[in-house]
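Quick one: the structure is below, and I'll ask about it shortly.
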Amino acid sequence: MLIGGLLIIVAGLMAFFPSMSDSDTSVDWISLPLVGFPIIVSCILLAFASQETRARKEVIAVPIRLFTLVASLIPLAISTALFFDWLILVDWDLMYNEYALEKEYVWIESIGVSWHVGMDGLSFPMVWLTTFLVPITIITTWNEKDGATYYPLLLMMGGALIGVFVALDLFLFYVFWELTLIPMFFLILKWGGKDRRYAAQKFFIYTFCASVIMLLGLITLYFLQPEGSGSQYGTVTGRTFDMTVLFSNATAYNMGDSVFLGKDMQNILFAMLMIGFLVKLPAVPFHTWLPDAHVQAPTGGSMLLAGVMLKMGAYGMLRIPIAIFPDAVVYYQDVIMAIGLISLVWGSIVCLGQTNLKKMVAYSSVSHMGVILLGIASMQPIGYAAALFMMFAHGIISPMLFAVCGAFKHHYHSMEIGAMRGMAKWSPFLAVYMMFAWMASLGLPLLAGFVAELMVMIAFWPEYGWWILLPGAVLAITAAYYLWSMQRTIFEGGDEGQPPESLNGETPPDITLSENIGMIILAIFTVIFGIFPFIALGMMDQWTVAFFEGVFNLGGI
Amino acid sequence: MSGSEIIDYAVLIPLLPFLAFPVILFLGRLFNGTPTWVKNVKEGGIIALTVMGASLVLALLVIKEHMNKVGAADVFTWFESSWWNSETGAITTKVFGFGIYIDHLTVMLLFVAAFLCFLINIFSIGYMNTDPINDNRNHRFYAEFVLFCSGMLGMVLADSFLWLFIFWELMGLCSYLLIGFYYERPSAAYAAKKAFLTTRVGDVFLVIGLVMLWNLFEPYAGSQGALSYAVVFDPEKIAMVNPGDLQLALGMMFIGAVGKSAQFPLHVWLPDAMEGPTPVSALIHAATMVNAGLYIVARMFPFFMEAELGALSTLAIVIAVIGGITAVMAALIAFVQMDLKKVLAYSTMSQLAYIFTGLGSALWLANNGYDDLAAFAMGASLFHLFNHAMAKGMLFMASGSVIHEMHHAHHEVAHHGHDDDHHDDHHDDHFDAQSMENMGGLASRMPITATAMFVGSMSIIGIPLIGGFWSKEGIIASAWKVALKEPIFLLPAMLILIGAGMTGFYMSRMWFMTFAGKPKTEVAEHVHEQTPWIPIPLVILTFMTLSAVILAGMHAGHWLGDFESGHYSSFIDGIGYEMEHVFLNPDPFLMVLTYVAIGLSLVLGPSFAMALYGGSLDGDQKAKPWMQWAINLSARVNKNSKFDNTAWANSSLATSLHKRLHFDDVYDAAMLKIVVGFAKLSAIFDTKFIDGVIKTIESTSQEASRRVRSLTTGSARDYIMMTALGTLVIFILLWGVA
Amino acid sequence: MEVEVFSNDFWKAFAPETILICGLLLIFIIPNLGNSKFRIPLTKVRVPWFLGGRRFKLTGSPAIPGILATGTLFTALGMMVIEAIDGKMDTTTVVSGDIIILQLDNFSRFFEILFLAAVLLASMASLDRIPAHTFEGKKSLEELYDNRRQADFYILMLTTAIGMCTVALAQDLFVLFVGLELASLATYVLVGFHKESKSGAESGVKYFITGSVASGVGLYGLSLLYLEFGSLQLHEIAALWSESSVLGLIALGLVLVGFGFKVSAAPFHFAAPDAYAGANSPVAGVLATASKAMGMIGLIRVLLVIALPETGEEESAVWLYTLATLSVITMTWGNIAALGSTNPKRMLAYSSVAHAGYMLAAMTAVGAWKWGEVDAPADYADTIVAAVLFHLFVLVAFKLGAFLVLGLLEMEGGASRLSALSGLARRDPLIGTAMFVFMLALAGVPPLAGFMSKFLVIAGIVSTSVGELWMNGTVSFSDLHWVWWLALAMFVNSAISVFYYLRIGVVMFLDVPEEGRRKPLPYGASIRMAIWICLVATILLGLSGDTLIDMCYRAADSLNLA
Amino acid sequence: MIDPAWVSGLAAILFIIGLWGAFSRKNAIVVLMCIELMLNAVNLQFVAAATHWGDVTGWVYAVFAIAIAAAEVAIGLAIFLSMYGQHETISLDEVNLLKN
């Protein structure tokens, strides 16, 4: 019955989505293949699986798992192919407010909402990252219980996240923004740890509250734009949610002496939008949902949460408020810097005081996200590129961190640092991955994390000078908490090792094959992007240059 | 420029070991325990050896080609990023590339690194593969080792400070891994963490220094990355940069060097680093990696050369002072060490400090316009670096040999003593194979090792004509030359002069305690050289050390400092010149100085050592003739002297020396009490306060909900009353507006 | 087009309403058909009369009223929808002399569709909620009860529908009030319908007493209005409004109370939670949706049609602050109260209070417009009213849907504890998912209808506060009208509301079913069908609400505001 | 003829008495009577206004209002009856199972 309902919905959508320009006959690589397909497939799978009995569910979990894996590989194949021009020639060297593979369909005509998707140097790396992480997550958590519903949820999560990144319509953006909450809510609620009830609700409510304020900002912004006519514009309101129109409006104003909407309004709207994004990021002091969510979330959930979901905040910042309110960015520059620094320092200091492995890793995410803010506050193209690369690199490293935590929990039934010593003896593979991930996260050169940190530091100095000692101190503190935790997990333990009490005397196992595969792929990509960062950075650099020219009117062409 | 220049292949020197790292790790995982892997491939040792051999050959070819000329080659573009210049308003794309840069500094260190790494590899095959404790985990060692070599070679060859730093960190990682090789030992785990963290503190400053440097040179760098040597060493650009800022930047970078080269106050990690696989990783840390810090300071030379006169003197003085302090401090601590490797570790620290002082002098001279003197000081420092590396490498290998054989002997003794109920477990009794208190009289039982150690110690002490003598004298002389011009320099100059004597003492002490006298334990009586592979590098290095005199004759002290000046014409002339220069310096002050230094290091130090620790061998034992005289001499001095050091040994100074002058305690306390304590408080604050606000909001609203709902009393009369009240409110509101 | 009452055109135009009345009559008649004969007085001739006596087996079946009512509602609704989707609705005015009684336009048709849809869904659900049993076999007392009152229930349902339609159509305030009373009186009974239970009777009493007082106050307000203006015709009062004395204001306040009770605005909402908790769930659903919409019609008529200042006047509406205060109090009160409520029905009642607050805020925004400064104020007003209408309409989808799910639970016992929902998602994943979707929609999570409606309401408020400031180029935040803060209040409130909506989801998906609820849910094809309709509507209207928005906009447009 | 203003005044007084009574009395029947009082005030008001305006619709309104009042009483009494059946009281204060 639900499948029938879904089909009705899909058919309804088809009927309501006329294309904006009939002349554009090129293939739409984004709407269905990247966004629609995962969501629809997962909905159908969920509907299918939910009808089965408990016993049957365990049986069908295996084919569903395989199916979701295959289904998640399709977007990955497409996004990879798009990147390397295998499918069609995509020119990623775009001017500001130009997008590759842009497609626009009318959605809600009356208020000017369109299904407008497209990608540029800001969004494409994140899209690729998402498509990459979903299959990895599926593989890493190959043996999760209740697989019949778990894997489709991961897939849905991926689709929704991609939707956030490709949306070029404020309304569409917000829809996907909130849509990502739902699969994650269930992932935490059903597969989470002991306090999952609290954590899931906190996660949902906290981020929802923030995004609601953001939405008010977006609506106010919407009505502050000039009316227009055209297929993007709403028949009732006369305004449009189309981001490209918004950007060109803003740019047209900001290019001259005048300020888009006036300074006062800019500052207020900027703050409203930023609140939503800062909570998602999360920045101190809005970060407390994150440790709870991470500690309670299942491994797969944590991987996607840290890998991509946090980046939504940074992505949103760069996509909307910073792009349209350059004067406000300048106005708030010091505030952003302060928040970034506080996140960075506070996150790392709290990490040092943690006894829970996953909590420590969660706080390290807070700390790393501060780097993005620093990059933004630096007002340097290299700082912005660093922010982008940080998003990307952290998106590869942090899933690995959480995969390691998950494997640790899975095999030693404890999350306490020090519960298990001498892991190198019992689980050499896990120990290696842990060390690798920790090292990558603390910014070891030639691994992906270092590049961004270096770039941020370079961009930070001319603007803020000796404040650089704080990020510098954080580098040391980060090393301290990671090494300290390794000392008490991988190392020590004497010849006999010291398996935790929670194992009840059983021999601790090493990680499973699937975890091994997932983690090694992540590790390989961490190295690849550490040694050859230009693969992703080239695109990001082009984007930042275009962004600086288009938004801040700097550089000139 | 033909396509087949040797420099184009130079990138392979670090690349080969880098690629070997995963290969060894993977194969080791795959074939772990199989007989072929263990016996024939030596658990990866042979692979590593092949790779290191290839690197060495390549390195030698490169050195041959670039002995006298600077070379540079681009390898690949790491990434590009854009920069907005706030003054011009232009956005330029900066290239962060990696390339090869070869000059005199590179050549020297490349040789040291490639050569030592190769020898260490040979040594390891002997050492690691015969120790049962390492069975089935040696592949890890070799993998980490080749990665380390890759870092060292890459750092030397890199053409920018950025890549220098990258390889620098790579070495840091490997040092961490190697120190923690015996992961199950808490002490190793602790030492590994300590080493990484301490150097990390320095690295942070190095990064900051690099960032400052970048920003200084960015306006003049064009599209090049502002950290590449091609940019920063350009005299015109240096002249344009604000020297005050430059000094700060270089100072920051120097802190990084302090961390890496284990100088005061970031020296605490080096002695602990001896926890690594005895003593190979120690060798890596002490003989090879620590040179990185020197290298980066030496790399600063052009800045001092080209910057405004005197503008960077402060930094030069700081460098020298740090060096001086460390030299004496480390030597002092070395006085009381009983652990063979620890003595060597402190000696390393002390000798590096010498080089720092030398570099400091060179930099000061360069910055104050004494170009020739600067080149000489530079050359002396680098020459000392070379000599020290060779000698210290040999010493560590020799000490490793001693320890190794002690282990073996202990094993045999233990087996003979009480039947073999402990097969593979030699940790349950607390015999310390590294303690010199358990040794003694080994000179006859380990002739090659003893010889190597003998020569090495002499080189370090600076016995005239042997190895380090040449360079050490140069450093002392340079320092004093500066001191004559700049009074503050008297401090480091004095310190290293005193240090020379102290070196003589502790090195002699070590040698005599180990090799002279009667065996102090049963184990020491059963020691004999038996492990294959180990002697090879010892012999080679012995000759290397001895051949320093040849290098000296080749004016190494000059051309190491500067390519352009001081090419040698004839070896005989050269050695004559050097001899004359050292012993019959036309400057009377320098001549006196030389003899004071010789006196201190050759006479005073060893004499005290002999008096305290000397002694003849067992009656039936006979050392090789070139050592026998020293043993005999020491026995005689020991017998005749009435020197009693118990007062010293029981003094509070000795106590604190045993505690390494309390640095470790203070740092540990600061870390555990203050930093971790603060962190724990922060964690509590985070959950209780920041999150507490959220929780309070929640509980408050629940309470509010309870209150609000209690207004719904359930009585219809109340509802009506509220309706009436509402009506009233509406009236009031309407009336208020109207 | 003007038609006289009961003329040919009248019947043509009011065919759906006529069908409703016919259906009502049929429910009266058909179950009573029997073999009785009527003796013509003074003669011995017995004519078959068919009313009373021994009932025919077919027509006397207890299932008949339900089917009849549902069929009638369905037919009427179908006719209206077809008419409305064509969109070529003429305005039909029913006059009697110079008095305009009813007016059939886009606005009234829209609300009629809403009312009929809600009542239809409720009666569909009631087919299972109050099941009719065959007469064969031995019956339990409860089953006999249910059989006996089938006709009563559906008669009341249809009466409610007719009363509501009257409200939608009325052009005279008194007619509006009569319709309101008709619907209210029926709902009073419906609320207390389960008189065999203590809570049923109690809720009926409370709802009745409080409702009567409120409507008494409202009627008194009407009489004062009549005293002031000499007429209760909407257009006449609207024309005279600007010259009204203070009596007009007093009357306005009193009338506000009457409608305030219907929309359950604080502080007139007190009876609502009790009523919802005592009534059976489909009825509560109707109260929360249709009945509320009925109240909103009243408010729209009184506040927007009558008491809105003329275009060109440099002033805001008199009731601006009043309504703003009421709206903020209402939404906050509702949400805060719902936060700790452990009875799902009461929680939904409080949430319904909060939703009333949102709509009042939107209405405030219409009044807040600085009429003099813009070219086309009506556009802004229309947008907001359209948003309110949209909100009211989609409420039928998800709020009623939520009540229907509770109704399904009531079929196996009560649904007045949160724990009744425990493990619902495990017992019946689809129903659990549907309930969760309804909750998310109530909370306003995209892309569901609830988000769309909240979004539109807020967009409306913001559009008023922003107005045409964009023309200035630069805008200062202080230039925005203060109703912008109402939008913020709405957002803060909907953020609070997520908490309790989500709790339902958590209970359904995480907790273990309580004792006695381990079996699968009762089936109930018809109630499930109703739930699916609600579910699909919730999703579809959220994903592409364009048609409905247009409809709302046309409806709002036909009010001819300003 | 009496001035309609007096009637209006009476109506207002009646209304207030009714409203007051509605929430001050416990007995459901008395409350119902108070509500009737309010409705009667409405009737009076309509009649007075009709006289004032000389408009016949007012009278019609009054008649309708009486009908409404009657219906209300009928329904009210029925509901009270069912309440009495369950709770065996007609005191509004004692019927408070549903609250909060």
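Which chain is which? They are A, B, C and D, in the order written, and residues in each are numbered from 1.
The rule is short, and it goes like this: contacts are C-beta pairs under 8 Å (C-beta built on N, C-alpha and C of every residue); 3 or more make two chains touch, one makes a residue touch a chain.
Since the model is a prediction, treat every value here as computed from it, not as a measurement.
Undergrad: Write down the chain pair with more C-beta contact pairs when B-D is set against A-B.
TA: Taking the two pairs in turn, the one with more contacts turns out to be A-B.
Undergrad: Determine the chain that sits nearest the middle of the structure, using the mean of its CA atoms as its centre.
TA: A
Undergrad: Once you find the CA centre of subunit B and the CA centre of subunit D, what distance in Å lies between them?
TA: 98
Undergrad: What is the distance in Å between the mean C-alpha positions of subunit A and subunit B?
TA: Chain centres of subunit A and subunit B, defined by C-alpha means, are spaced 40 Å apart.
Undergrad: How many angstrom lie between the CA centroids of subunit A and subunit C, rounded to a whole number?
TA: From the centre of subunit A to the centre of subunit C is 42 Å.
Undergrad: Quick check: how many Å separate the C-alpha centres of subunit A and subunit D?
TA: Result: the chain centres lie 63 Å from each other.
Undergrad: Identify all positions of subunit C at which a residue touches two or more other chains, and write them in rising order.
TA: 205-206, 209, 213, 217, 273-274, 341, 499
Undergrad: What residues in subunit D touch two or more of the other chains?
TA: In subunit D, 19, 22-23, 31, 92, 95-100 touch at least two other chains.
Undergrad: Where in subunit B do residues touch at least two different other chains?
TA: Only 709, 712, 714, 716, 718, 720, 723 qualify.
Undergrad: Let me make sure I understand the interfaces: which chain pairs count as touching?
TA: Pairs of chains that touch one another: A-B, A-C, B-C, B-D, C-D.
Undergrad: Which of the residues in subunit C end up touching subunit A in this complex?
TA: Within the complex, subunit C contacts subunit A at residues 382-383, 386, 429-430, 433, 440, 443, 445-447, 451, 455-456, 458-459, 462-463, 466, 469-471, 473-478, 480, 484, 487-488, 491-492, 494-495, 498-499, 502-503, 505-506, 509-510, 532, 535-536, 539-540, 543-546, 549-550, 553.
Undergrad: So in the complex, the part of subunit B that touches subunit C is made up of which residues?
TA: For this pair, the touching residues of subunit B are 698, 701-702, 704-706, 708-709, 711-712, 714, 716, 718-720, 722-723, 725-727, 729-731, 733-738.
Undergrad: Using the touch definition up top, name the residues of subunit A that touch subunit B in the complex.
TA: These residues of subunit A touch subunit B: 202, 206, 284-285, 287-289, 346, 349-354, 379-382, 385-386, 422, 424-425, 439, 444-446, 450-451, 454-455, 457-458, 460-462, 468-469, 472-473, 475-477, 479-481, 483-484, 486-487, 490-495, 497, 532-534, 537-538, 541, 544-545, 548-549, 554-556.
Undergrad: With touch defined as at the start, can you tell me which subunit C residues reach subunit B in the complex?
TA: That would be residues 205-206, 209-210, 213-214, 217, 246, 249-250, 252-254, 256-257, 260-261, 266-268, 270-271, 273-274, 318-322, 325-326, 333, 336-341, 496, 499 of subunit C.
Undergrad: Can you check the complex and tell me which residues of subunit A touch subunit C?
TA: Touch residues, subunit A against subunit C: 1-2, 5, 8-9, 12-13, 16-17, 47, 50-51, 107-111, 174-175, 178-179, 181-182, 185-186, 189-190, 196-197, 200-201, 204-205, 208-209, 212-213, 215-216, 219-220, 222-227, 235-237, 253, 258-259, 261-265, 268.
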